[in-house]
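The following pair of complexes shares a single chain, subunit A, combined with subunit B in the former and subunit C in the latter.
Up next is the complex of A and B:
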């Protein structure tokens, strides 16, 4: 690392930053990790102490619980996340491109509609009624559509913001070279959107993978269980098993944690470059 | 790309539809996480062998979230074949006449149900459910080891109970364990005192529903709230924030002497601390001032059959089997009972908890039990927990609490369509 002269103020700020970060992110994680390795009696006390004996079998039990339910849950969550991302990236990139480049009354209206989409919450019963009348209730397709629809406005806004940073000259050059509309988008624009695409993928993957209420209402039944719903197996009014609960939490957090660590840099760059409003 | 996406999504529909056509009828039963499903699962295994009905357990959330989910299912017509839900006042909210099968057409089932339970699942003339679990009581659990050490006796009236609390507190134990951090547990003293309310005013529930009786003007009902203010000095220092899990620890590890809680806690103590510890726990009812004591009983929650389901006949067959002696034996061996079963003529095995077999059974044998208020009266204030916490922390007086609770019940009564004006 390069040595730099620092003034004491920035050093203090950095220390405070570290303290805040550790107490917000590392300590809770440690708390969960510690308690996931205790026996049930120890974990139910919810103390912040390292376990005396490491009960790794908690993890085995969580995986085996309800006939390996957690594996089904991982499969379901992964499917929902994957297909929703395809829909989201495909639709939002195109929509963001058009909305930013074409300034007509239609796109202005679409812009307003996006804001509405951000503000209006999903209502459960009308949605279920709609899904049932379309005969797609309790199907993966409907779940993918719901997750996509809910995250679409925010995603389009990210893309639209990022489009501001792409100079129109590139497209003009492509037109002159004889590209058609489709080729301009797929060969020129979409590759340039890569930074924001990775941001979109990660943010949406985390949201959709960790979604609780929507799968609970719109995708019920044992076969359709998603990862967040498995937590409910371990907590109840009279008998809670916090050791298994925390082991479950660790297991279902891992995939997204890994994704985050690996793509951390890209998220930030995508966010920042999309943030500059033109 | 669009075409590809469309194609992919269409392909996806195929595997979703295949399993639906594959096998014969498997019933779905949805239970919430508050009822331990182990006993149910054991019976289901046995049912597969004995009567050839396949049932699959689906765990749904409990509490408010679960209530919303079940209401959404009902509104959307997606109720599973068998549904586990509260008996008593909350059953009314589910519009049972349109959603659940009336069991009076099956006398061999209805005749098995104990009257206390039957009352809790009866709406109008129709009977809707069979009990999922054993019954339980809202009572005082006490640690017999501490009682022996201090030479205490089970109190015969409320004053003696306070004396016992004081004796334990003086000896360095928590005289009374409070777990207001888990808010539902704060109501148990209020709800568990219902036997005493009724001995003071036998037609209280009926008059209360009619709008003529009020808490604030019924001395035996105000007395329930007064008891909260009288026990405040004996609580554990952290009683406002301590949780249910803490309460289990305090009682089982003999840090505290008494805990006013539902006897379902026994199962939890058993699974955490083992049989020996749980048999050191005894039960007595919330004592009356005049020593005319009786136990307030929570009858079990019910299993209901979805009227509009595709497999009503199999579902009836299953619940009929579920309340047979053979099935109850399987259940009771898997999950020891927190109280007697609500089935006529069923004799529990001799492996029951000491607190259940001796202490609780004595009340049943003597006939000094009464069902909790929520099973005979549709109106229960939505803020009962908060009011109990306020009076239990000394923030308001007992008279104020009774008046506030009356207001709270008024709102509920209006919502349920009672004419209280």
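Up next is the complex of A and C:
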């Protein structure tokens, strides 16, 4: 990187880049944020002006709406995300480890199955039928299992890809020193997988927390409602009060925005390394 | 591999036990493979969850004869190819820009990457307001130039394309991430060599960056096509398939048939979607990996 000379063209390009980035990606966000802080009449004009008076009470109102439904929703979504992540990390790390280390017909077939799983859409009604037959339809358990099953192929691929970079000497030495196969995995391999585990957690947490379709089908009814279903239901409820609808949008985006600001480097490098292997 | 002796294979079998595969594949088979397999049967029935009657290919015949259903097949293909194609090109240009020599690169990257984290439903709600037929700011902007407002989501021939545009907006972000990763992994010596040879910026782009990002491009093509063919959330929050059936795609039809109680028909839709994805993705994957090999 010794050629650091700057030509006048690059400054112009940079300014154009900023104009495009701001108008495409920042303005929509500002528009929603501004209108979430106006009163009802002001917000319904859908104008692109900052609010004259900041109506923070909009946020109090959407939090209190339907007996604090949004808080219940946050709790439900957090539970689904948390338990799915545990299942995904545990199962995928083990599977990715074996598929990469052992090249046999069994692992080749397992790998093929996962590749097909990456593209095949969920068979929705047969899945509901199966869950009903097992008496686990509309339960937290089944929702966790489904989110796990759907995200397993991609997650195993990430772990398998990362295993390529870990030399086999360590586990061979541990094996010769008398570690059993579980100890080799849990004490030697799993700690070495830490970088890809954080990528896996970031990518899956976002996917599962933001998922709308699967809870819509597999986790309906009011008590189980998740964040994305709640916000979807508010579209009709707050049809004529954009201030409240937008306050809701900001409310569900805020946690992600905060995480993004705090862990910016980690998240971006996580996405980038996930992208390389994906 | 060939010189492995029997004893090493035995040791390998005991360190790398197949038991490690069991938890993942148990969950995957029960909750994904089995439902997919039985969907073939249920797609040929008239059923509620409690009882089913076999009806042969009637559901499939209906899918290809009813206008409200066939339009979904057509729209799904239009939507997928349009969004995927646009992402492949636009995201590449953004990624080239974001890996270039600019001072505020990291801030700009953050701005472009952030939509990855916003939920599709939230994006749908925001853009539905932004595209509002009279008050939305896109129309107000157009009005500044003396042009009349456009009913982006209410116009039959436009609705699908308006949603597709928002889909491109949202999807650009992940596609850009993939390209940025690809460009960042290109060995600097290629660029040094091309600058020593006196290549212009355009030539460097054409003969270094484009060929050496083939793998990333193929990933973007495949992922965005699969995503586009399965797209549901954005269409459902923005138009719910309307006006009429103008922006209905397979996944929205599957959902509509389900809520109306036509379970067999809905499942047939699911199987048709599976076939649609397979006939696009499998040959394409073969073709792309072949061309990737050829470029090396």
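Quick notes
Here, the second predicted complex is superposed on the first by the 231 of 278 C-alpha atoms of A that agree within 3 Å, B and C clash if a C-alpha of one lies under 4 Å from a C-alpha of the other, contacts with A are read in each partner's own complex, and residues count from 1 in each chain.
In this text, a contact is a pair of C-beta atoms (placed from the backbone, for glycine too) under 8 Å apart; a residue touches a chain by one contact, two chains touch by 3 or more.
None of these values were measured; they are calculated from a predicted model.
Of the two partner chains, neither subunit B nor subunit C is touched by A:12. When the two complexes are overlaid on their common chain A, residue A:249 makes contact with subunit C while staying clear of subunit B. Looking at the shared chain after the overlay, A:126 reaches subunit C, while subunit B stays out of its contact range.
Counted by residues of subunit A touched, the larger count belongs to C, out of subunit B and subunit C. Judged by the touch definition given at the top, the superposed model places A:235 against both subunit B and subunit C. Applying the stated contact rule after C-alpha superposition, one finds that A:103 touches subunit C and leaves subunit B untouched.
Of the two partner chains placed around the shared chain by superposition, subunit C is the only one that A:268 touches, whereas subunit B remains out of contact. In the superposition on chain A, contact of A:71 is made with neither subunit B nor subunit C. After overlaying the two complexes on the shared chain, residue contacts for A:258 are found with neither subunit B nor subunit C.
Legend: residue contacts after superposition of the two complexes on their common chain; A:87 is shown touching both subunit B and subunit C. Residues 45-46, 87, 90, 124-125, 128-129, 132, 216-217, 232, 235, 242 of subunit A contact both subunit B in one complex and subunit C in the other. Contacts from subunit B toward subunit A in the complex involve residues 1-2, 5, 8-9, 12-13, 16, 19, 28, 32-36, 56-63, 65, 69, 72-73, 75-78, 184, 244-246, 248-249, 262, 264-265, 267-268, 271-273. Those residues of subunit A that touch subunit B in the complex are listed here as 40-41, 44-46, 66, 79, 83, 86-87, 90, 124-125, 128-129, 132, 137, 139-141, 144, 186, 216-217, 220-223, 232-233, 235-240, 242. Of all residues in subunit C, only 1, 11-18, 20-21, 23-25, 27-28, 30-36, 38-39, 42, 49, 97, 100-104, 108-122, 125-127, 129-130, 132, 135-137, 140, 169, 174, 177-178, 180-182, 184-185, 188, 195, 216, 219, 223, 226, 230, 232-233, 237, 251, 254-255, 258, 263, 266-267, 270-271, 273-274, 277-278, 281 touch subunit A in the complex they form. On the side of subunit A, the complex with subunit C involves touching residues 1, 3-4, 6, 10, 13-14, 17-18, 21-22, 24-26, 28-29, 31-32, 35, 45-48, 87, 90-92, 94-95, 97-99, 101-103, 106-107, 110, 113-114, 117-130, 132, 145-146, 148-150, 152-153, 156, 171, 175, 181, 184-185, 206, 209-210, 212-213, 216-217, 227-228, 231-232, 235, 242, 245-246, 249, 252-253, 256-257, 259-260, 264, 267-268, 271-273, 275-276, 278.
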